[in-house]
Amino acid sequence: MERWMMLWNSTALSAFTWGQAGMMLVGALLLYLAISKKFEPLLLLPIGFGAILANIPLAGLNEPGGLLYYIYLVGIETGIFPLLIFMGVGALTDFGPLLANPRTLLLGAAAQFGIFATLLGAIALNSLPGFNFTLADASAIAIIGGADGPTAIFLASRLAPELLGAIAVAAYSYMALVPIIQPPIMKLLTTKEERAVKMEQLRPVGRREKILFPLAVLFLTLLVLPTATPLIGMFCLGNLMREAGVVDRLSKTAQNELINIVTIFLGLAVGAKLSAAEFLSVQTLGILALGAVAFSVGTASGVLMAKVMARFSSKPINPLIGAAGVSAVPMAARVVNKVGLEANPNNFLLMHAMGPNVAGVLGSAVAAGLLLALVG
Amino acid sequence: MNELLSEALTIMLIGMVTVFAFLTLLIGAMAILRWFTAGADQLPASTSARTAAQPQEQLMAAVAAAVHKYRRDRR
Amino acid sequence: MERWMMLWNSTALSAFTWGQAGMMLVGALLLYLAISKKFEPLLLLPIGFGAILANIPLAGLNEPGGLLYYIYLVGIETGIFPLLIFMGVGALTDFGPLLANPRTLLLGAAAQFGIFATLLGAIALNSLPGFNFTLADASAIAIIGGADGPTAIFLASRLAPELLGAIAVAAYSYMALVPIIQPPIMKLLTTKEERAVKMEQLRPVGRREKILFPLAVLFLTLLVLPTATPLIGMFCLGNLMREAGVVDRLSKTAQNELINIVTIFLGLAVGAKLSAAEFLSVQTLGILALGAVAFSVGTASGVLMAKVMARFSSKPINPLIGAAGVSAVPMAARVVNKVGLEANPNNFLLMHAMGPNVAGVLGSAVAAGLLLALVG
Amino acid sequence: MNELLSEALTIMLIGMVTVFAFLTLLIGAMAILRWFTAGADQLPASTSARTAAQPQEQLMAAVAAAVHKYRRDRR
Amino acid sequence: MERWMMLWNSTALSAFTWGQAGMMLVGALLLYLAISKKFEPLLLLPIGFGAILANIPLAGLNEPGGLLYYIYLVGIETGIFPLLIFMGVGALTDFGPLLANPRTLLLGAAAQFGIFATLLGAIALNSLPGFNFTLADASAIAIIGGADGPTAIFLASRLAPELLGAIAVAAYSYMALVPIIQPPIMKLLTTKEERAVKMEQLRPVGRREKILFPLAVLFLTLLVLPTATPLIGMFCLGNLMREAGVVDRLSKTAQNELINIVTIFLGLAVGAKLSAAEFLSVQTLGILALGAVAFSVGTASGVLMAKVMARFSSKPINPLIGAAGVSAVPMAARVVNKVGLEANPNNFLLMHAMGPNVAGVLGSAVAAGLLLALVG
Amino acid sequence: MNELLSEALTIMLIGMVTVFAFLTLLIGAMAILRWFTAGADQLPASTSARTAAQPQEQLMAAVAAAVHKYRRDRR
């Protein structure tokens, strides 16, 4: 009889809380978005599954001794997982289009205004009841505007670990929503003629230039902003392995098996941070709202910067490519291409948008380093 | 609260200046880089692209060889 | 002269014990079985090699600071390695045949009687001198009847780490011996006519059903038996990645590189638990005997359950497929197919046996969760 | 000893009941699942099988292309 | 204003030391050698990059909490990374040529004289001002003569961690320089007629012989020199997985993804040991000089041993193959082949040189185990 | 210093003796091994070599099949 009681007490039915049930629904929603809507499935599927696993009562997966607890401890608290992902992303990135048109770096810079405007917005939100973001919290939230998953997770793990779950979910969700969020803003800020502008073909870029570029980026970063070197350093290592041409087996492993393994673990660990106490609060709503602001402001400032540049440039510049400066590689560049084709069926902007797109990755990593230096 | 806001404003200012300064410096670095590597042969770059193509090329080479052998044998 | 003495004292010849020599022979035997007899070589080769390495005197591979010590600490004491293997197995498992014929789940349930009968047997063995199994020990031994390696290692690491080596060796050895153990029992309990029964072709299963199935399994598990969620959760994550169709690169990594890397380490760590003090005892003989009982009882109860179901079913059921309920995927299903072909050369039971086969995996994971809840 | 045996018996009983209950519930869940997805297109499922076939298909396509080119060239 | 000051204080410009700048130049030099000169790029590229990252002021990558710190702690301080690399190297090694001509093992033995002569040289160097090597330091330096990266890193991590960076850099650099260092020595010690000697074709080696060989090596090692079993054990495990033919998926993972992942991390962690305080000293110059001595003496003693063997052998032996006894697989064997072709355009020594080449790997692992036993 | 040197000399002596002894023992072990496996079929060994060759072989087989089919079709 006693053992039957033990059994009953060990079923979840006797121990469930509403919060846990709610978080499981959130996990299920993320799985739905990942599988049916194809919203960044590589991350949102493990995150959603991790959220379910972490909220099972009595299973202890997220408590000392549990799998998710260990994964979080080893990979996120140390910052290792986002850095390894960033190395893999570096190995997957081709800087050719950026090198062919260096000025597009400024578009990647302008789009980071989304980050800093959101920082201001998060602090302003404190005037509402229920919100009490510190500068560190606000900075971690603002980085959603960087539209770059590993950067957001890395910064949040340093500045506001208790918000990490909500921030990562918001970042990946909005990255998936880029095709919905960006086009209206892009159309609002440009005329049809501007959107139809064709750009000149990009020059081919030499192998040496490509090898030296990641080293130049690293060198500038370590001089100017050492706090950004973990992120930018690993990114540049990945890119150097890619371009050096002498360590292809390492580069391929970084692009494939290593990034895949780390992605599974990173997703589960982020999911493990989706606990009811931290996620089911008005703060999360604030974070989601601020994330939308961040993406929108970033898109707008990128487009406006491109319009300014177009005015002063001798060569034609299509202002749409400014929208790709938020990063969200390669989705944002594809959106630019699509909107450009709508205005002019012969206007292929994809390669032109890849420049600001990868510039945005560097820009938001710089912004993250800066926030670490100032409020870390 | 008001103090926090002004801090946030300062960070925004510093942040945008730094980001622009950094990326502008990088534009300069890229110009130097281009000038520095101008002499070098402008190889078609992107080894990875080349390596990715390799299996395909090997395949086509093998097919070509097989077809060539077949053609020769038929004579 | 002094250094020559140091050298002599540092040779193993001066330090060997009989126990260590004996365990090296055990390791060599496992290597022989793995390589020459092809007994579950993926596990038994690293286990055998690990057993040799762990028992080298003065090498310290299994002491603090040694390689095997670290691997065990990180991967087995935490439970991480068996769970990652289980995720990979989930990604390798096709639930199609089970979904096409859900009733075969009951065969997977019946075969778990092997586990619980063995639990009883282990306690009964205490009446002999030299045996003194606790309930936790007996439960860890009983899970050998689950015919599932990662489940056995996971449960043993929680309930009886000092028996882990013997339990893992027994589990994998008997899984390799399935083609020898099962056929006589199957033939004893069935007539030739029963074995010749042909079954109807399985219906095709839709993609959505396959995606939702692992989630349904997880949902039931977390409601009813949360202690089984580490095992079943990781299994379902692997299967969901497989079927979702949107994260193929993660699924492939889980099925290949990740499971391979973990298998090497898991094997070495299990081998490291094969120390003379723990393995060269009468208890190990008891464990081997109980393991044989577990497999036999499981096979018999699966077949008998299938006979009962055949009586009450409108569609024909070949009772042989009940034997596949012990899991030992995919060996047991192949044995069913082979015995079926002997009775009727046109009778292909493989796909029909895959249903109970994968059901057995779920069944023994449930049993493991239950044992954790009751005696953990 | 006797007490342990009776405990083991209890666990056996609880265990078999639970395993059967769990898997029976799962049969029910599968019935619901089938009913729930009945409307959906019954796709041939198993993406992984499809992807596994890919290299082979690519190979055959490449061979076919090569042979086609060769046939055309000979004319 | 305060925040602008924070920003300035957080730039590296305010914090750089000459030593750090110097080490970055060393890192850049290693990258140059790796990429432009193709000097062992798989290791020297990550090592060079790691050296740069580790010396960035204020970034903290090499301090507690930093990425490089963790990687070093987990992988090198424990000895795990070099052992895993060694397992992969074992899985990549074909012992066929050695088994076909066992006497070439003696060439692999003779070439280890480079190690022990260097040990003596390191101690002798103490008579110069600025040098103060202990026996442990001298042993770690001497192992450079083993011409085997993982062995050198493993031994240095045990005996002289503060010299590990310089030792690893010297070892890999000289391995890359083998085509420059060896030929003059080889030509000095042989006549043109000796270099032109053709050797008999190797007998084919059976599969069983190849399977049993790694086990025989392990058995001898554990009897005679247990301190060598971590290295030799993992090497033999890799080779057994390769030859067993029943665990190909494990063998392939060990040869590819696993060794690639570990190589990236190992390189970064070695680079992290390149700190100004430890590297920019006269000791490093001593280590570089001793490394050159080690390679030269090893080459010479291998060649001389081969000449002795040629005199007493009934079958012809080309003394050049003795040079391959230093290991540096497969570079040294290729150099032998090239020098042999120069003397006789029909003389293909590659396969004959592979025997001493892999024998050298065993020889230096034995030497490392011996040094661990005597001065560890 | 002098003492260290003599220690180093001792280690050198012990070292070379041990290395030679070890590898000489191994030569003996290899002789035993060869004698022991002499009866066994001398298989072409090296499974890994075989497996490495596989894709190439598969490729050639596929090409051969395609060419064969083409030849048959042309008749």
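Letters are used for the chains, namely A, B, C, D, E and F, taken in the order the chains are written, and counting of residues starts over at 1 for each.
One rule holds for everything that comes next: a residue touches a chain if its C-beta (ideal position, glycine included) is under 8 Å from a C-beta of that chain, and two chains touch if they have at least 3 such contacts.
Just so it is clear, the structure is predicted and the values come from calculations on it, not from any experiment.
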Smallest number of contact steps required from chain D to reach chain E: 2
Chains touching both chain A and chain C, listed by label: D, E
Chain A-chain F separation of Cα centroids, rounded to whole Å: 48
Chain C and chain F, separation of their C-alpha mean positions in angstrom: 34
Whole-Å gap between the CA centroids of chain C and chain E: 41
Residue numbers of chain B (touch at least two other chains): 7, 11, 14, 18, 59, 63, 67
Shared-contact residues (touching 2 or more other chains) in chain A: 3, 7, 224-225, 244-245, 257, 370, 374
Contacting residues of chain F [partner chain C, same complex]: 7, 10-11, 14, 18
Chain C partner contacts - residues on chain A that touch it in the complex: 3, 6-7, 10-13, 15, 24, 28, 31, 34-35, 38, 41-42, 45-46, 49, 52-53, 56-59, 61, 65-67, 70, 256-257, 260-261, 263-264, 268
Sites on chain E touched by chain C in the complex: 78-80, 83, 211, 215, 218, 222-227, 229-230, 233-234, 237, 240-241, 244-247, 249-250, 252-254, 257-258, 370, 373-374
Touching residues on chain E, where the partner in the complex is chain F: 94, 96, 99, 102-103, 105-106, 108-110, 112-113, 115-117, 119-120, 122-124, 126-127, 135, 138-139, 204-210, 212-213, 216-217, 219-221, 224-225, 242-245, 248, 251-252, 359, 362-363, 366-367, 370-371, 374-375
Touching residues (chain side chain D, partner chain C) in the complex: 1, 4-5, 7-9, 11-12, 14-16, 18-27, 29-31, 33-34, 36-37, 40-48, 51
